[in-house]
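In the two complexes that follow, subunit A is the common piece, with subunit B as its partner first and subunit C second.
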Partner chain A sequence: MTSFEPIAAIQRLRRSRATRAKTALKKAPFSAWFGIVVIVGYVFVAVLAHWIAPYGETQVFSEAFAPWSQEFKLGTDQLGRDMLTRLIYGARNTIAIAVATTLLSFAVGVSLGLLAALHRGWLDQILSRAVDVLMSIPSLIFALVLLSIFGSSITSLIVIIALLDSTRVFRLSRAVGLNVAVMEYVEVARLRGEGARWIIAKEILPNVMPPLVAEFGLRFCFVFLTIAALSFLGVGIQPPTADWGSMVRENATLITYGDVTPLLPAGAIALLTVSVNFVVDWFLHATSGLRDEK
Partner chain B sequence: MKNSGPGPREKGKDLLQIRNLHVEGFSDERWHPIVRGIDLTLKRGEVLGLIGESGAGKSTIGLAAMGYAKPGCRITQGSILFDGIDLLAVSETVRRRLRGSRIAYVAQSAAASFNPAHRLLEQTVETAVAHGIASREEANRSAVDLYRRLQLPDPETIGFRYPHQVSGGQLQRAMTAMAMACRPDLIVFDEPTTALDVTTQVEVLASIRNIVEEFNTAAIYVTHDLAVVAQMAHRIMVLRDGLTVEEAETRQMLAAPAQEYTKTLWAVRKLAKPEVAAEEYLLTIDHVTAAYARTVKVLQDVCIKVPRERTVAVVGESGSGKSTLARVVTGLLPSLSGSISFAGQPLSKSLKMRPKEVLRRIQMIYQTPDNALNPRQTVEDIIARPLEFYLGFSGAQRDRRIGELMHMVEMSEAYLDRLPAELSGGQKQRVCIARALAADPDLIICDEITSALDQIVQEEILKLLMRLQKDFGMSYLFITHDIATVRAIADEIVVMHQGKVVEQGMKSEVLTPPHPAYTERLLSSVPEMDPDWLTTLLARRKI
Partner chain C sequence: MNPVARTVLERLGLGLITLFIVSIIIFSAIAMLPGDFAKATLGQSATSETVAAFQREIGIDRPPVERYFVWVAQMLHGDFGSSFASRTGYRRSVAEIIAPRLYNTMFLAAVTALVAVPLALGLGILAALYRNGWFDRLVNAVTLTTISFPEFFVAYMLAYLVISRDTFIGSDFAQSLPHWLAASLGWALNAVPKFPTLSNVNEQTPFWDHVWKVALPAITLTLVIVAHMMRMTRAAIINMLASPYIDMARLKGMSPMVIVLRHALPNAWAPIVTVVAFNLAYLIVGVVVVEVVFVYPGIGQLMVDAVKSRDVPVVQACALIFAATYILLNLIADIISIATNPRLLHPR
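For the complex of A and B:
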């Protein structure tokens, strides 16, 4: 049904990426806007932690478990460190580690998943069965075991969580990649003599981006929660580095006295998770084509 | 069995009256008109053919006759009077009760319309039982009767099969049985035979025509194939851009089309190219046998020679191995035995063993450009890649060549920034041709490249290919099931059946009798523009 006003149609060039993003933002629902604002706020705090925080990350004051006051806005923790400062630095540490982990897991999972989808055969079999084995072990337990073997340095934390998470990314990208790999335009590229790297990057990847981006948002939340959980168990980010998960654990006793301070880092995690999901939902809705059809 | 053809027969009162129908569709964030004021009257027992190129609004009118608009479409104006009931005024519940029981619909793709998890019989009787028209036993009995009338094999038991266990033509007939189950007053056929082979098409057309006649059902027959509509319809309505171009009795319309546009539609099938004998051979396929999974032989001992600067058409129905032949030549499916030589050099069996230079010289164009163009790449990206990849073009040289290529396929450079979804079917196919040309090939394999296009666009694409061949001297290996296309472009013809070459030779030899039995059946199945063609053919074949 496109045969109307052909002349006008020819003159219309493609809108640029920026203007398309602008029109998409304009139509975004409130929840998406809320999510975007919160995420931008977190990133802002994380990047500028050094300048915003009232005290140093590991600066210890004389009074432990101090109540909220003019001097310590949110009180101090079990060693007498300022809670607000720790919360701000915690944003930087936890978010940076979560982003790095998610990126790494996607780099590994997507490239292997699409490679398996493109080549099928023995490569697909080996990779898929290896992933099955990894996925058959409960990931939190497996992470605990690996972390106790390799020690809880930040690098090993990132690598271990990324590898365990990449199994799910592999499965998703292999599944969506299979649908695209059988398309004739991929066959055209093979007939042209293109290598696997070009076919994956230029022919397949752009066509599987929507589900992968959605998955990225969700995975980010899970990684975030995994790190918090590991820190809470004491094998995640090690003191004195500020981190929301361990902050909850270290100050948990305060809850018994009716003090809400230990809930603040937990709330920070919850708010970010919810916000990311709002944005992902909006993105999924906008790209899936499943708009309100009556 | 009577085969009186779509001649005069007793017609009743007006069954369907559509007045000043307007339908709009939503795209690009605004409403576009699809149908712009159509008037249509259908009498009981009458078959009306709606014809036009894609985008003319014929399917939309077909659906509107049931009081239905597709999602994203809306009926904005007009009235649809079915047997005295205004379909637009009554509630959705009333409309839903009419649909299926008194108005039925037969879609283009029967395979997509059947639920693969249920047996044919259950699905055939479902509506009749659901509408409370018949008990399940009665409905089952009448379904078997319908299967028999539609000349399905084993009418007593075929209903117990699942959709994937019958052929495409049988499925299309089963769908007609489903539509007929409630003995509707009106059936809308939306291109019911477009997806079928010519040989199957004849059988389905004959069955549909018989049953519509026997039950004196009125029908709207939507198609873009003139020859088909000539067999089926009493009256023909030509549509363009949502408007009626002209409407007349079938015989009168065929004999003397009044409008200029109708005449161009009629002229399409008359394209023909004089054949030229071969001088030098480019591609030689020598005793090639190929199989999927090593056991199912799809090509057996095939020998074909493709001359330079000529077109060899490979014809046959689906399953004859035509497309497999293309896969073997391109190296996607290594052959089991036999050899292929290209420009005097033996061609490696597998794609991976072939040097880039050989890959460049053999290009391929596909049936559905929608699948052959990456939806995320612009026209420029698509055409530029072979230039960069094979020829190492960059910068101004690349841009100039892209401009030339667009010019060669008769497209404006304004389209370079578009994505495939923003092009029409014909334009997409032109982009595919430009991409093949960019590699500067010696041989282009065309796999059914015109069968997804409507006839006017088909003609343009075929003319373009012929002109390009004259200008640049490449050879075409043209795979098709359409004899009209073969007449239009081929120098030599290869007829394939069940993986074997049945006949091959110059076009004039193959197309003139005497034919081997299979070629005869294939050729005689191609519908002609004569309204008596089907009747005559059936009488001759004594079906």
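For the complex of A and C:
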């Protein structure tokens, strides 16, 4: 986007950012629209969880595993908590934790990746080799090892997953950063005596934004699924915090009686990842102009 | 020296170094344990002598470098240390706990690979052959969906499908549908084989019974990994089909099937093998979740239980096995792609 800065003479012809976004949205395919609507819906539910939910997050009623009824729209869970309420609070907790993790992972990965791209030399070598080694262990397995040492608190969960995930962000941002770091304007900025932080923030970062934004969506999906899997395994987000992964696990026995309720939180996870994938797909097409061979 | 052999040896060396560093990382896990860990494991009533004895037993009182080499040496002899669950006079060796479970996990992975790899290659070749047709679109849509689902969702969906074979007709949902629809749905569900939803096996389980019991976990894993492999196969072949020598073959009047199988496929092996190995390595991660869903006594479930009870020696052993398999599979992929594609010998 910003890499196509028009020259001053045709500046007035340039449409504002808002109109450009609008025309892009108009041309978006159905799948992208579907994804956007679903994501907005999830965010809406997550932010307003406190006001939408019919009961309190950990409010316990007398009947466990109650069937669907007027009082409990989706029944109750293994301790007699309202499923719908847990689902709504689960949206807030699960998405917030995943977003926080992805943000942290990007903060670490992008800054180190661009720094490595700018400096090259020994710094780049050390960081890249360290990332190679970290990536040679499957991240779920590595996360399990670290969680067994540090215990499963939400903070340690966020930090561990973010650090493991930042290896992939590092690789990408280093790769795209290398292309920009050799440009003349970066050279000029360097000769002007600007510091590394300024060059990264003002010269390199704006030019590597589109691939990083797309990667943010994909990483979010990945982190979201990893946290859901860990919680499902019982070593992620701990009760009584409502969370979709652990909700599936706790109510899984209901499936044996032909009840779909435990599939709902799992379905909520699946729907969100599919939607994010749709939007990222469209965004990649729209920003890169790439059409993969069909 | 033969350049192929040299590159292969280089990769082997690199793999060994990676494994060495990974083993150091996993080993240092035990050194990073918080100081009061012994007390937490032994309980509040533990006297300082028992704590000291426990620390001596897990070897925390000796220098780390020495401990590392003892650990590695023991492991090379098949001794993975003893679980924290062992008590005085009753030693539970990690190797004993792991061995039968490792066999089970390997069994599941092997069954899955035997089904998934030919299936993915077949689907990929067919999709490339009939690209943009309805078959291609259907396969693409289905694989895109399964790729973005969490494993446990796929697993429970399958389990639910098998269970609703028996429960569907009596359910409220079926009552609310028109009679003919409910009847035909019930008839369709009857076609679903009655796979066991719990994969409880032990050493005495006969071979074919074992295969039958891992059916659902294997199908789940297949659905998860086929998508990626199939898309890659399709992309690699379509990429090849754009080259001039394929045009030549086409102009000679060869049939599309022969062109794909005899001309495009041999040159597409390198990317396909890479993605197959990558997905087999991915099985390792998928296996953990799926084993827990179907209560299959494999190494993944063991590792999760060990993480919960913070039984670090068991976690270390499992992690090392997983990491070693992962590195090995990636190494094999590298070597095969070098062997099948001499052009990779001259990186730009």
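Just so it is clear, the second predicted complex is superposed on the first by the 278 of 294 C-alpha atoms of A that agree within 3 Å, B and C clash if a C-alpha of one lies under 4 Å from a C-alpha of the other, contacts with A are read in each partner's own complex, and residues count from 1 in each chain.
As a convention for this text, a residue touches a chain if its C-beta (ideal position, glycine included) is under 8 Å from a C-beta of that chain, and two chains touch if they have at least 3 such contacts.
Everything numeric here is computed off the predicted structure, so don't read it as measured data.
In the superposition on chain A, contact of A:Ala175 is made with neither subunit B nor subunit C.
With both structures placed on the common chain, the touch criterion links A:Asp132 to subunit C but leaves subunit B unconnected. Of the two partner chains placed by superposition, A:Ala21 touches none, neither subunit B nor subunit C.
Contact with subunit C, but none with subunit B, is seen for A:Phe142 once the two complexes are overlaid on the shared chain. In the superposition on chain A, A:Ala196 makes contact with neither subunit B nor subunit C.
Considering which of subunit B and subunit C touches more of subunit A, the answer is C.
In the superposition on chain A, A:Val37 makes contact with neither subunit B nor subunit C. Of the two partner chains, subunit B is the only one that A:Tyr185 touches; subunit C does not reach it.
In the superposition on chain A, subunit A positions 293-294 are in contact with subunit B in one complex as well as with subunit C in the other. Those residues of subunit A that touch subunit B in the complex are listed here as 1-4, 10-11, 13-14, 183-185, 187-188, 190-194, 202-203, 206-207, 293-294.
Subunit A meets subunit C in the complex at residues 132-133, 136-142, 144-149, 151, 221, 225, 228-229, 232-235, 245, 248, 252, 255-258, 260, 262-263, 266-267, 269-270, 273-274, 277, 293-294. Touching subunit A in their complex are the following residues of subunit B: 25, 27, 32-34, 55, 57, 71-72, 241, 330-332, 351, 354, 356, 359, 363-364, 366, 368, 371-378, 385-386, 389-390, 412, 414-415, 417-419, 422, 424, 435, 439.
Across the complex, subunit C meets subunit A through its residues 18, 21-22, 25-26, 29, 32-33, 131-132, 144-145, 148-153, 156-157, 159-160, 163-164, 166-168, 171, 197, 238-239, 242, 281-282, 284-285, 288-289, 292-293, 303-304, 306-308, 310-312, 315-316, 318-319, 322-323, 326-327, 330.
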